[in-house]
């Protein structure tokens, strides 16, 4: 079970004139155990940052994150390192998330080695199991990332994640770089494996179709905030927030002509329009 | 009572003050009368001093004794700029010629610096005495009798004849083998034959009248005498690497560390005055600032260089403890504003003459600073040419803008105004515009830019001559630029201003154009006559006449000559100034200076 | 496969060498001014034409340009590089002597600068934005901004003159004239020039390493490694450093090639007889054979460095495979 309360992450940029970008701006939500929450929103709205902040790959400035009853925000560095294997992340581009110098075998085995999960032969066996589980075979073990296709790489990434048996997975648009048929295979794989391993999952995507297929609940993000959250069917079929409505329209009709900025309230309040379906009030 | 007491105190104070103010004059330990020689009596006192009072240390006593007995003592370290001044870097035989710097090899004679207004002087090295026939067609040199090569072989007239023959025989560019040809072979071009009536007499028979033959032997680059018994067997001299360096000079070759150090040691069997210094180490510092630091720190005792230190740096060194500076009048370069006489408007002699009154020498000297002295003659420098300067031509190019304007007007130039600025219209009615290329020898220490600045004030600001451009050009194309611009600057070393013979600089010679494109028939004829005139009085007469033509025609306007500043450690050696001012090069300098500090003995 | 590739590489290198040699030949002949005229003008003010002619004849400079070119090419390959005009010894001897001294300075300086540049650059990039990073970055910018001549002179004045810790120039003490060259003495003389050269080149390596490290540190596999719970040092060692080092291979090989051109400033200020100063002097007096020799050696080094970079790259970066196209 994941609980995020009032999370805020800022980046300061600029060398001479410092500017603060509030990439995540006071986000709160819960994900129940074994559940998959979809996170949608336009590019640059802070989805990736939110995902990273939850895993503390980016240090959040404020807020509380509880994973499986552990307050992640309160962990010290070394405690955090021990806790890390329980929460994992899959990135948009599988290729860049694999060290180009390492063979598949090394990549998958590395997490097992550092967390001392078994003897050499055990690890070796486990690596072979994993690689078969994600639909590759032993012959791929001795290859390096650039000798594999994008889809195969994503499978390797998945195998590496599974090696740690995480309780919580953040999947950051894991299929956006792949073509439709491969995308479907990978999605099925993630869903099935997630089910087998009973993983809680935050699934980030800007494709509403994919989100619908993958997640039971969905959150809509805009400029660092979650403006609408609820069951997938509720939110996507009966969108309440104008921004969500626009997103849904765009996904049906293709890219729509005008996407002018919506005026957002300075101090937002959320209202529950249906049970478990919360929407931020608009001006 | 109290009065006397106070008086006593005052006297003590005065003595103390004096003692503090007067710099501890560097002197040779034991030399009480300051004549830089420790006489026997002084040595005896010194020994007593050492034994009883302990005022002289054992090392100082040793120095005094060496001085008294005229035995070489200690090590002199000389800073040079460039590895070409180190010993085996370059073959002496073809590149350096006469040994003003070499210390190892000697020529027959070396040139000295004349006293101001006095006659030319030479110093004999291997020649004791020399004379020429009245027509200057034969020169006879009487050699020193007790000279021996550093390997012990006696030096005789045969060596001199060999040197001549060797150069003559290696002047053939068609000879097989890359190293057979010697560039310097051209120096003996005018010698028809050499005879040796006896072991100590050499007679040179010339092809044509050669009144300045000793000068040819002594300078630019001059010729050293080489040992026949060694070079006889060497067929390819210009690629032969000499490792022994057998000469007859006051110092014999010691050792070398390529690119950085070389050493010579006093030669026991030297025929002349033996040096007081036992070892001379030459150390290469490529950068002038590094040289100065080395001198200040005491790593070196002398900075050797053709024109000395740059004046500003010498000035800064003046008050440094233990360091002395010798100022050599006109020892550096001499600068002129030069005309290209076949480029308009310099084609008009009146124009050139008018401008000779429009060069503010004092102001240029002020801009250049330390050591610049205005030239009052038409070309030769009094400090170098001595009595050859025609006094009647002195001060003719005085700075007088009104006079310049008058002369320009008389020559058909018309000074008008345009937008409040003066504009000079030429005889053709067009504004006078000139370009001055900057490069060549006059660019040392940016002197050329300073002259331009002063000329602009007067020529542009007062005479209306527009200086359109002063392009910085590469040295290698400078001659081409000179040929197409009316005005340029020159900055030749002093030796081009030291003899009437050098006035051939302005002759339109069979070799072609001179730097000024100056072509005056009378002048050309007089130079030809001078070259074949042996009689000194006649020569002087011609020389004076030549200078009068220069004053009249003004192919160039002398501006100033630069004094050279030489820096040395006055606390370690004495006797620098006399040798530096007298001329004769390092070979004379290092033979004459005397150690004055036991420190130099401990180094060796 | 690899053999064929190597052969191909050698052939193209040879072609590059020939082209470079030809360009050099042309450029040197196009240079205004010549040795003998300049030498004679310095002595006599006018160069006597007969002496100039004789000299040019002796050194074959009066032959048709094509003939000179052919002779030059043949001689270049035969290893007969002629005699230097100024030094009167075979060109290769002069270059060889100077090369040793150049390398004595540049090898340690380059090695130290590379190691230090990589080390602190990696640290700086890894700890991007930290106080240490800012301090390092700013000091590097300052060092970089100091004119090299001035920096060398200041180092000489401060460390050698005022602090009296080191000699003021040259590579041995005067004592070496009697006792011979002592390696320790040479080392003592080399400290300051090496320090100066080190400062000159460490900034470049630092910048490149820092930015390469910044890029690598942003890669997802680094984040993943962190997510996996690896400790920072391990991530740095196992994942970041090796990948960030890749661009350095090129830099290092070219720095090695650049070494032999020497450094004119350092060699002048510290009176160190290296190749930089030799080149400068040869150029100033138009010592053609020496210039040709130096440029030939430079070309050879650059070509060798290129081949070396090509051969080293696949060893350090598995993505690059040499000769795959063959």
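Here the chain labels run A, B and C in written order, and each chain numbers its own residues starting at 1.
We adopt the following convention: contacts are C-beta pairs under 8 Å (C-beta built on N, C-alpha and C of every residue); 3 or more make two chains touch, one makes a residue touch a chain.
Source: prediction; values computed, not measured.
The set of chains in contact with chain A as well as chain C is empty. Chain nearest the geometric middle of the protein is C, using mean C-alpha positions. If each chain is reduced to the centroid of its CA atoms, chain A and chain C end up 50 Å from each other. Computed from the mean C-alpha positions, the centre of chain B lies at a distance of 39 Å from the centre of chain C. Centres computed as Cα averages put chain A at a distance of 86 Å from chain B.
The part of chain B that touches chain C in the complex is made up of residues 75, 77, 82-84, 89-91, 94-95, 171, 173-174, 178-179, 181, 183, 186, 220-221, 238-239, 241, 254-263, 281, 283-287, 289-290, 293-294, 296-297, 299, 474-477, 492, 496, 505, 509, 511, 514-515, 603. By the touch criterion given at the top, residues 31-33, 36, 38-40, 43-46, 48-51, 53-55, 57-59, 82-83, 86-89, 97-98, 101, 153, 156-157, 160-161, 164, 167-172, 174, 176-178, 181, 267-271, 273, 277, 281 of chain C touch chain B in their complex.
Listed in rising order, the residues of chain A touching chain C in the complex are 52, 55, 57, 81-85, 87-89, 91-93, 96-101, 110-111, 114-115, 144, 146, 157, 160, 164.
Contact residues of chain C toward chain A in the complex are 219-221, 223-231, 234, 238-239, 242-243, 317-319.
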